[in-house]
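Below, each structure is written out as structure tokens.
Two complexes come next, and they have one chain in common, chain A, joined by chain B in the first and chain C in the second.
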Partner chain A sequence: MAIDTKHSENRSVVDQVGSRVRWLVAVYRRLDLSAQVSFWIVAAISVAAAAAPLITPYAPGEQLAITADPALKLHPPTPANPMGTDLYGRDVFTRLVYGARSSLAVGLLAVGIAATIGITAGSIAGYVGGWVDESIMRVMDILISFPALVLAITLVGALGSETVITILPVLGELLASLPVVGSWTSNNIINVIFVIGLVYSPQIARVTRGEVLRTSEEEFVEAAENTGLSRVRILVQHILPNSMAPVLVQSTFLVATAILFEASLSYLGLGVQPPIPTWGVMISNGQGYLPDSWWWTTFPGLAIMVTVLALNLLGDGLRDEFDPRSATDGGPN
Partner chain B sequence: MSSLLTIDGLTKHFSEKDSLIRRLRPDQEVRTVRAVDDVSLDVKEGETLGLVGESGCGKSTLARAAVRLIEPTDGSVYFDGDEVTGFSRSELREFRSEVQVVFQDPFASLNPRYTVAKTLMEPMRVHNIGANDTERRERAASLLERCGLGAEHLDRHPHEFSGGQRQRIAIARALSVEPSMLIADEPVSALDVSVQARILNLLDELREEMGLSMLFISHDMSIVRRVCDRVAVMYLGKIAEVAPTDRLFTDPQHPYTQALLSAIPVPDPTVERDRVHLEGDVPTPIDPPSGCRFHPRCPKVIPTEGWDGSQAAWQRVLALKRRLAADELDAETTREHLEDERKSVSDDAVVQELYDEHVARKGVADAETVSLPPDANDTVKSALQRLVAGDRDGAVAMLERSYTTPCAREEPSLTTHGAGTHQSACHLHDPSFVTQSKSQNGELAVDGIASGDAR
Partner chain C sequence: MSTSNYAIKRTLLLVPVLLGVSLVTFLFIRLSPSDPVVAMLPPEAAAQQNIVNELRREMRLNEPLYIQYTYWLWDVLHLDFGYSYSQSARVTSLIKSSAWATAQLSFFSFIIGVIVAVPTGVISAVKKDTWVDNVTRVAAFGGISLPGFWVAIMMILVFALFWQNWFGAPLIPSGGYATLSDGLGTYLRHILPPATVLGTGFAALVMRMTRSSMVEVLQEEYVRTARAKGVKEKSVLMIHALRNALIPVVTVMGMQIGFLLNGAVVIEQVFQWPGIGRLLYMSVLSQDLVTVQGIVLFIATVFVVANLVVDLLYAYLDPRISYE
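Moving on to the complex of A and B:
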């Protein structure tokens, strides 16, 4: 009997993974066409970013005007350089593909940080209530009351050339263990990630708090109290897992916003520093050459537009799926 | 039989949320919802006590406050001699393994992300039942089977089950900690009628098998009759009557219980029934009626001292008073109505029309002709004259002064009938109260209540 149960436990893990995958496939199938297309665009960009060295023969900093042909300065697109070259003779397509790495990394990591801060703060505020709720949410209100860009510029400026890692060594080690990002630990990009994460944490906190308040009213939470479960466990095991869908949707939008934000900061020269290629830096550097060498700025601009649009459409689709109240067609409304 | 759960003077008031905006307006006081007001009850060992009443009367609040799922405002609860209301956090956790709640809606009471196994094993883990997860899983499987579901369902999620199956899972969860008492909060009201019977049977079997005591909350009198040993009837946060089930159904004492019983459908169209119709809706517990909370709707409400008309006539006067106070009578509409019919539109004609419509109920189907005593007739007409003259408040005050039931003055206490197991809270059962009114009107007596003068 005992062996039997053990066996069924193992099977249940497989079953659980299987049911998760089936659930994801089911969610994808229910998305509208634009969200489905967006999903594949985001997937394609992610794969390109991850497999950058396999896609392009050049390195992002390689100056072809020096290593290959002096004529390859500000050269228009050719089959060998499909998006032309920039003033220093670097291949724009190569820099675009490597730039996708920093853009996606900034987007995902910044939202990861925003989610960590926001979900913690929001769920404590929503579940504990009272003065704890008031104090946490007022701090969040203060953060949200500054224009995001101004706040970010101030914070990045205040941090200066020091990276957050010198202040938070534990997080630094964590980041250093990640692929690609690990080599950036001395670059300003780390500060950009943290600042964007902090600036956007109130948005996650608000959504989380609202959802936690709603879920706390559910009868299964009362049923959990009735079993004698501790409040912390009720929050972590019963309330939070049932409050995450809107937070996930919000996060999708925030990844898009964070990518745009990084581009803005980098364009202003406050963001990612060379040699890491990013789309914002490319536009910033190439803008003076726009009339003659349109390819230098146009392609990174298009890349930002397509990525942000795809993420937003995907977020829209997910919101319609998870939140029937905002359904645009069909449904009970 | 000793008492297992004793509820003593339990009170739960909910306050409207205090806010800055409200504090800036001192004219608005914080409103309190008196959901449960000074309720005493006890559940004896091995017994099933029914708790019935209309929705919103505080049944569920009482149950939740009794096990401290919400904190009571006042009063105390004892379980097996220990004061639950004084329990520390760890004692409360201990207590949770003794008393378990089965909730009303099985679609809401199960965590949608938990498998059945997880749902059943979590309470065991909290209370250290079973040595390890393997053992707990075996226990969960046998519990599930005991509740009529196969062990193959252990790894499924709630959304894969029907309502009846879910309620079986919820019952299995309640039993997983080996409680000695169950509180079933309308356990079948969210289920199909065909499934209800099976769940009730299951509860009955389990109760017998495990020697459980039970507090069974319901608004369905026929279910209560089937399941319970004793029944408590609740109205607006108060207990109206408590009696052994047989006695309650054969010899109900409280007018509210009588009305509830007369509302049980009889599946035979040829049966002539004396239905007691209750006037109006359940009042809001924010500002409950003074005295006996049932008096505004009571068909047997005691007439004012010196009333020499019939009970029916007394009801008409009270109904008129209530409608006047609620601003349901409009003299101008009546005047226009008369004008349309090309009748006289003088004040006197309007008064007469209002009187005919609302007091004499001329032309109202089903209404019997009732004549008021002469002095009452005069008072009612002069009140109506005031209304027509535009002084509604004056009219209300006038009726209020002359016709207020003694029931509104003080709260009835529980009086005992027969062998002491049957109690009701009605002024009619209080000898001193009844003699008082009896001396003034000879025809009204306790016996008069049970006969058909209320309709």
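Moving on to the complex of A and C:
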């Protein structure tokens, strides 16, 4: 009997996963061509980032001018080094692939933080209403009164060489438990993730609040209230799952923006610090060796553009699918 | 609520928002883990405890936070943002001179953005769902996806450095500031490259908004009426449709002032343009927190006021809108 129950539980899990996959495939099929292509580009970049050691024979910090051939300093592209080498004889392509790790990690984690703060604040504001709503949203209004990058630069600058982990040890432990990111906890990249997350939380809060307000009016919420469920449960189990589509769409755009932000901050020397390879730092280092070593700055910029463009087009496609009401402009700012 | 009541209400609401902004600016900087006094003194002076203590007393850093905030706010209300130790100048005068540089830059980016965005937005709307529309859509997304600082570097690479190699003289300078007194040609050659980079991202957003607004307006009855009356297509588009379609675009332009200010921080650095963004960056680098505080408060105030002006302009341009 016990085995049977377990068996049927397994079946239902398989069914659930199966129906999720079928649903995702159906969503994919309804996307327009540019969003479908973008999906594959994003997937390819993610796989490349995850499987970096399998894609390139070199390590990101490996100085080929020392380990292989002294002539490989600032060497133009060749079949062995398709994007050339930098001043220290490191393979630009290798650093680009490893740089995708930092870009994607910053993008995803920053939006994760923004979503955690934003969804919590927005749903409480929308569902509780009254003075709670007023005070939460006024704080968000104030945060949104700063141009985002200006606020980010100021915060990252104010933190200086301290990382937020010294201020928020819980966050540090959480991040340290993640793969790849776990080894970065002493690097400024943690500040970048946290600051971008904080700066963008009001945008998610606003969208969430609006959706929660809308969903709360629905009949199924009234029905749930009549069955005597607790308010917290109604919010978490009934309202939030039905309010998430526009938030997910918004998040896709925010990942794109976060990647651009990380690149800008790192370019300015305020973001990710060596030895973690990142596209922004590559551009800033290569800038001094123009015009002769153009490859050092050109390829990382193209990488940023392709990644961010694919994310934006994917977000646009998802918006047409899930949130056609707000399909007006091109993403957040 | 009438438009004028709305205007008064919105303007009054500015006060708590600006107070909040000043408080946040103050706290972010004061709660920074680095000691502002140690950062502003040369190392040999920072090592002497009595000098440090003296300066701390002078800057009222030993007082409770709310007292510090009150003093600071009082000074700020008198347009005194303090003294910048890294630049050896009053912060107010630093802001004044650099804000002018940024204002010129923003003005040109704005013009470039509008010149590019409005016509392409209209064409995209008229040719909705054709290949023209798709190309402009992807181009617009390209515009917001480009890292501005990289475009700026590429621009310098091609038009200054490569151009010099190819033709013996660069087409644009690789950075720096010029005023009108340097001659119109020199002025434009200095200001147009950074303004173009900033204008590209701006144009992309305005173009998307023009397009969707225009698509909506073209479905309106009055456009159909105008066409039925035999009005030429060109005047239908330019007079009947575009004038109405541009109203929501104005709002988006207002919101994009933040985009221009964001961009200014990075682009001014690439082109060595002595604007407010570069001043902020330099002050952050030298840990000159007093100056950072002043600049951030100034930028946020400009941003908030600009958004208010645009909202009021919107209410004025479109009297149909009512505010409860």
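As a working rule, the second predicted complex is superposed on the first by the 313 of 333 C-alpha atoms of A that agree within 3 Å, B and C clash if a C-alpha of one lies under 4 Å from a C-alpha of the other, contacts with A are read in each partner's own complex, and residues count from 1 in each chain.
As a convention for this text, contacts are C-beta pairs under 8 Å (C-beta built on N, C-alpha and C of every residue); 3 or more make two chains touch, one makes a residue touch a chain.
Remember, predicted model here, so these are calculated numbers, not experimental data.
In the superposition on chain A, A:238 makes contact with chain B only, while chain C stays out of contact range.
Using the contact criterion defined above for the overlaid structures, shared-chain residue A:227 touches chain B, although it does not reach chain C.
When the two complexes are overlaid on their common chain A, residue A:100 makes contact with neither chain B nor chain C.
Once the two structures are overlaid, the count of chain A residues touched is higher for C than for its counterpart among chain B and chain C. Once the two complexes are laid over each other on the shared chain, residue contacts for A:287 go to chain C alone; chain B is not touched. Within the superposed three-chain model, A:147 lies in touch with chain C and out of touch with chain B [touch as defined at top]. Judged by the touch definition given at the top, the superposed model places A:119 against neither chain B nor chain C. According to the touch criterion, chain A has no shared surface contacted by chain B in one complex and chain C in the other. Across the complex, chain A meets chain B through its residues 1-2, 5-6, 8-9, 11-12, 15-16, 19, 218-220, 222-229, 237-238, 241-242.
The residues of chain C lying in touch with chain A in their complex are 16-17, 20-21, 24, 28-29, 31-34, 134, 137-138, 140-142, 144-151, 153-154, 156-157, 161-162, 165, 204-205, 208-209, 212-213, 252, 255-256, 258-259, 261-263, 265-266, 269, 277, 280-281, 284-285, 287, 289, 292, 296, 299-300, 303-304.
Across the interface of their complex, chain C is touched by residues 34, 138-139, 141-143, 145-151, 153-162, 166-167, 256, 260, 263-264, 267-270, 280, 283, 287, 290-291, 294, 297-298, 300-301, 304-305, 308-309, 311-313, 316, 327-331, 333 of chain A. Within the complex formed with chain A, the residues of chain B that make contact are 64, 67, 69, 92-94, 96-97, 100-101, 103-105, 108-113, 115, 117, 122-123, 126-127, 133-134, 137-138, 141, 154-155, 157, 170, 173, 177.
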